[in-house]
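Two complexes, one shared chain (subunit A), two partners (subunit B, subunit C).
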Partner chain A sequence: MVMTPYVIAFLKFYFIFTVIVMILFAIRHFIFTFNRMYCEQKLYYQDIIDSDLPFITVLIPMHNEEKVAHGVLDALLESNYPVEKFEVIPINDFSEDGTKEILEDYAVRYGNIHPLHRNSGERGKPAALNRAMEMAQGEIIVVFDADYLPGKGLLENLSTAFLDPEVGAVMGRVVPVNTKANFLTRLLDLERSGGYQVDQQARYNLNLIPQYGGTVGGYRKDLMMGTDGFNTKILAEDTELTYRLFCSGWKVLYANSAECYEEAPEAWHIRARQIARWSRGHNEVMFRYVWKLVKSKYLSFWQKLDGMFLLFIYMMPVILFFGLIDSILLFFLDEMDILEGWWVLLFLGAYNTFGNFAPFYQVGTANVIDGSRERILLLPYLAFNFYFYLWFITKGFFNALVDVLTRREAKWQKTERFRKEKPGGFT
Partner chain B sequence: MMLVIFCCLLFLIMIVYPFWPGYKEMKRGQDNDNLYIKKDYVKDPRYFGLSFRNLLEPFLGQIRELSAGQTLEIDLSKKELIILGQADKPQAFVEDRITIFSEDIILPPKSTSSKEIYAFKKLEAGEMCELRAVAIDSDGYLHQGVKIIRWIDTKGCLVVESNCDLGISASSETKLVLKGNNCIFKRLFAPSIEIGGTEEFVKDYDSSELQKYPEYNDVDYDIEKIRENSVFINNIVTHKKFVVHNSATIIGSVKAYKNMCLEENVKIWGNVFCERDLVIGNCCRITGTVFVQGCLKVGNNVVLGEKGKIKSVIVRKNIVFGRGIVIHGFVLTEGVGKTI
Partner chain C sequence: MKKEILKKQIQYSRTYRYIEMDKINVFLGVFLSIIPLCLLVLFYYPQITLFISQFTMKVLSPIFHENVLAIESSDFLKWFGPVYYLSLPGRFPSIVFIWLNLLITLISLFLLSSVVKTRPLTIFLSISLWVHVCSAIFFTFIPEYFPYDATEYSSLYIKQQVGIYFFVPIIIGIAVCMLPINFVKSWITIAFCAVYSFIFGIVRYITFMFILSKVSLMYMASLFFSFGPFIDFLYLVCIYSFLASSTADKLKRNKGVWRW
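Take a look at the complex of A and B:
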């Protein structure tokens, strides 16, 4: 096949472009790792004791959550937050199992649990949260997914963030509860630790863009109600909230001490669907907020830069995916002599991006900080995870592109649960 | 040919080798537990004293039956010996025993203990005592130069003279008075903390004064100063060095990303967050929580917090307190706290 010089030039340009992008992301991850290891760590507000706690509403979206509903509700009832200062609204969103009956039972027994049952209207988490916020009495909304197990002091830990007049939302740390289930959950545990213990904390230390993750977190209700709530057309409502807040002068805090257990997916196909959904939702936000981020008068240059990196984080695997195809094509076209003299540097850069993933440093560092030891030995296997994600993240990106271009509405998909639960408790 | 085979084998080994330790860990599962989260953890500024009392609670009946000088062995996290201290020989601590005093007790100067002391009634520690940890169910008094290695907690009023080192935590259910100077601390807690107790303390302000101002619900950005004698109504977030001049009032909370200075007689009806250093001048009032990522220096006759409520003063680096200061609630520093 005869390739025109322009095509060859484009392929070579794309190769160099991919390497540069990967190096930039690698530098970002190295900076975060270095900051977490050696630099001054910024205090979060967990030590604040204040008798003027705000009234909070805890929202728990539930779609067919009979396996896990008891766990999260029992955990919240154990909370040390004054019972007269918080309410729980579990949102039964079109459930077809025993979720409704479980919630009604709790509502009868406990005066501060007020279930919301939805069988009509728009489906999905953002729509459910919007509806629940209309009946919420709290000035602060805290959201948990149904499989979470909040500790006794977690609500207080999260609520103190809002004493800061600049804080619009707060995000805690998510820890898998089913780490030992199988190979996948062990790898997800590593990813989670790197993402929270290092990445989020470093972004908080450096006053950049910590992300609100949609669960184990909270936000000011009036900020959402004043802007028509969550955008129900976007799957990643948490990322959308993050950017909406930062672009309008509010901050998202990361609370490393506000830890909560979650259930990680135990099957590869479930994880694939989850990551594709995250990619689709995140890229939808990327298309909508790139320009708003650039134009925001409330953000510094470094915050905008970090915001860009974060927006493009689910596009980076797409770039790499086509970069790999590109490099194979160039190899078989015998056109790998891209730059004379600079060749070694480019190979070094390519090796460090294709074969030496910067997130490894974050994951390794996180496990050192957490005091974990042998689990670090699983680090090389994350390379396979990355290539597994490459396909589904790319798929999610193209779905997001089609959504934006054709105004297609995404359908919400819930992550399947694996916990075996006894009535009144969990195992 | 042999060389090719050797190189291929070497290549395979190098590819597989990094995965081998991980494979062994997968099989053995040595480190596959969930990261531990203490699910029943709650913040408690009197944690040390209360948890110590809770540990001894099941044994109080037996302890009260002891005679002076008698010992009792109990099971805590390990076996511990408890001795009922003698009022006439209070210095006779035994190194490896928790000492209980059931009557008012005055510890002679330079007494030392390497285990906890629990006083059911009043306890007074003479000059230069060095005590590991003390729980007092009534009032406590520390003379000059007393060193607390870990913590001290009282149900009654705790009074501290000059040059004392209050260890990791000094707390009281009612009142804590640091009347001397040059005391060192990390954490303090009481509904009312008075620092520099020889001066006359200024009365707490009246919170009904707030009702004459309109409500605020917004944020003003990047203000550099508040003029003398003015009233500013709104929350403030500023990335500039921020100065509040004499006798100004802010109705709202403040967050400053650079150094912040409150001159004299400033009132802030809200919380204060400072990403660098904060200086609070004489006679200032802040009703809410104070949170500082840098250092905090507080002048004389300052009131922090509000009577009847618990607020916090949290400082990442050092704190220096002047005289005549009243704090309602909790003080914590990750550096060194000092009174002058």
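Take a look at the complex of A and C:
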């Protein structure tokens, strides 16, 4: 078939480019896994005992959260943090179910719960957090999503980080609570382990870029208020905060000991929406922060490099998706002799994207450290997630691209909850 | 009164634990099994591919007429010799066969997208089916431009397989070196993966050659993209997961190996 040499050359170039990107990510994850398994770990500040704890404000954005609102509030009320040292602001963001009534009931019964009801203005988590920060009394803001179940010592554990004046934000570890619900939640548990036990901890160990994840984490209020709060046009306010802090010289800590339970999505279509939304938000941040990261005078070369990898993490499936199309074209154009073929691409692609952008041995190692014998046996099933992420993350990327090019406003989509509430508790 | 939740056993803290690497063990276990296997593939792939081709010819010969099958060779890596592969006739699809395939594929795609569109397995199948649709369209409109016959594909497959044989010990070796196991176990695992991939590669070669020669060349793209290295990855991870699981179990009962 007649095809210009330039087109063929471009297709081959793209193929080689994809392979190189995959190799770079493979090296990065090998270093992380090796560091986490075999090197001394950098401890968090959990052993520091200070009687002068800061006053903290806990923000919980909620949109139609009647199934889970009791859970998070009850868990916080059980906290061992001195009651006079913290307040809780559950943010009822345009809820249409019974969330408002639940919050009012708690407000009547407990003096440190001050609900914020929002029925006008911009919608979404960043806007809700901005509004709540205006009424927050605490100098430290701790954020939980509504489906989270913080343990007794978690607030103290997280707030200790801020005794270090260089710390701008802290992030804890997320552990799914509903792992036995179905196959999907078990797989997500497996992935989360790889993401936190190895990835985040290794980045913390190596003094790279641990990420603030928007929940089970905290930050200094004045840093946000001084810069007009969260950008309400961005879906991934957590990633944006991470880069904003690092680029202006602040530290973000990862507290592996600060574990908190969450409710993982129990249906594939909800997971698909969630991952597409994360991709959209993360890629928006990528478009905005690539240059700022390169120019930052506060970051070392390795931090910039890792920051770049992290910024581009949701681009990887997109690059692979085009790599797949590229390979199909090369196949039909009789050009599959390049590097003897598709196997290099697929091998390295699958190698990197098993689990949540982690190679299979990273997820496996994390679970060995966690001591989860049975969970590891599910590892081969993550292979098919490679295609799942390829599809939905690419979708999210194109949405982000359109958002940036057309200045379209992204709408926040709530993740559906599954918890079956029982009177006085939850299952 | 609140119900107290009591744990039967308090596990060792998992948060910051790590293992002190036994460098000699890792060296013996990984490098001394990866390097010999890779060198074996590199220096003996002409013999290996000749054996595969001869074996495949023996298996397929009862199905074909005499003198149709032959073994050919082509250049591969300059310093290490040629690869050998089976030469055989391919079967070009008739237009009715193409349209029937296209129809069935499109119906399958429709069913997949309307019933369970967000499952990983569905997406994997959908991508595979789309590749088959591309193939069917290609054979409908420009069949004369289809660039491969069964023999060319056979050559491509064998070259790809040599690549897989080379990389399997490396990838499983990297994974295994992250596990605190003795070197004998590492050797066994890496060797087992290499043997498995060797046998699997031959079985797949025979199957692919049979389909392309006796059913249709139209399936070439689907076979190449859907049942190629991805499947190799799957069994590799299966074997790794069994090993990692048993390691996690042993470490649970062996506090001595952990450092905090």
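One rule holds in what follows: the second predicted complex is superposed on the first by the 404 of 427 C-alpha atoms of A that agree within 3 Å, B and C clash if a C-alpha of one lies under 4 Å from a C-alpha of the other, contacts with A are read in each partner's own complex, and residues count from 1 in each chain.
We take it that contacts are C-beta pairs under 8 Å (C-beta built on N, C-alpha and C of every residue); 3 or more make two chains touch, one makes a residue touch a chain.
Every value quoted in this text rests on a predicted model; they were computed, and no experiment measured them.
Counting the residues of subunit A that each partner touches, subunit B and subunit C differ, and the larger count belongs to C. Of the two partner chains placed around the shared chain by superposition, subunit B is the only one that A:183 touches, whereas subunit C remains out of contact. In the superposition on chain A, A:39 contacts subunit C only, with no contact to subunit B. Touch criterion not met for A:135: it reaches neither subunit B nor subunit C. By the touch criterion defined above, A:9 lies against neither subunit B nor subunit C after alignment on the C-alpha atoms of chain A.
Residue contacts after overlaying the shared chain place A:294 against neither subunit B nor subunit C. With both structures placed on the common chain, the touch criterion links A:47 to subunit B but leaves subunit C unconnected.
Once the two complexes are laid over each other on the shared chain, residue contacts for A:324 go to subunit C alone; subunit B is not touched. Contacts of A:379 after superposition: both subunit B and subunit C are touched. Contact with neither subunit B nor subunit C is seen for A:20 once the two complexes are overlaid on the shared chain. Shared contact residues on subunit A (touching subunit B in one structure, subunit C in the other): 43, 259, 370, 372-374, 377-380.
Partner subunit A is touched in their complex by these residues of subunit B: 18-19, 21-22, 24-26, 28-35, 37-43, 45, 219, 221, 235-237, 252-255, 257, 270-271, 273, 275, 288-289, 291, 293, 309-312, 314, 316, 329-330, 332, 334.
Every residue of subunit A that touches subunit B in the complex is listed here, in rising order: 42-43, 45-52, 75, 78, 80, 149, 151-153, 156-157, 163-166, 175-180, 183, 186, 189, 193, 207, 249, 259-261, 298, 370, 372-375, 377-381.
Across the complex, subunit A meets subunit C through its residues 1, 30, 33-34, 36-41, 43, 197, 201, 256-257, 259, 268-269, 271-272, 324, 327-328, 331-334, 336-337, 340-344, 346-347, 350-351, 354, 360-361, 364-365, 367-374, 376-380, 382-388, 390-391. Residues 11, 14-21, 117-121, 123-124, 127, 131, 134, 138, 142, 145-148, 156, 159-160, 162-164, 167, 171, 174-175, 178-180, 221, 224-225, 228-230, 232-234, 237-238, 240-242, 244-249, 251-252, 259 of subunit C touch subunit A in their complex.
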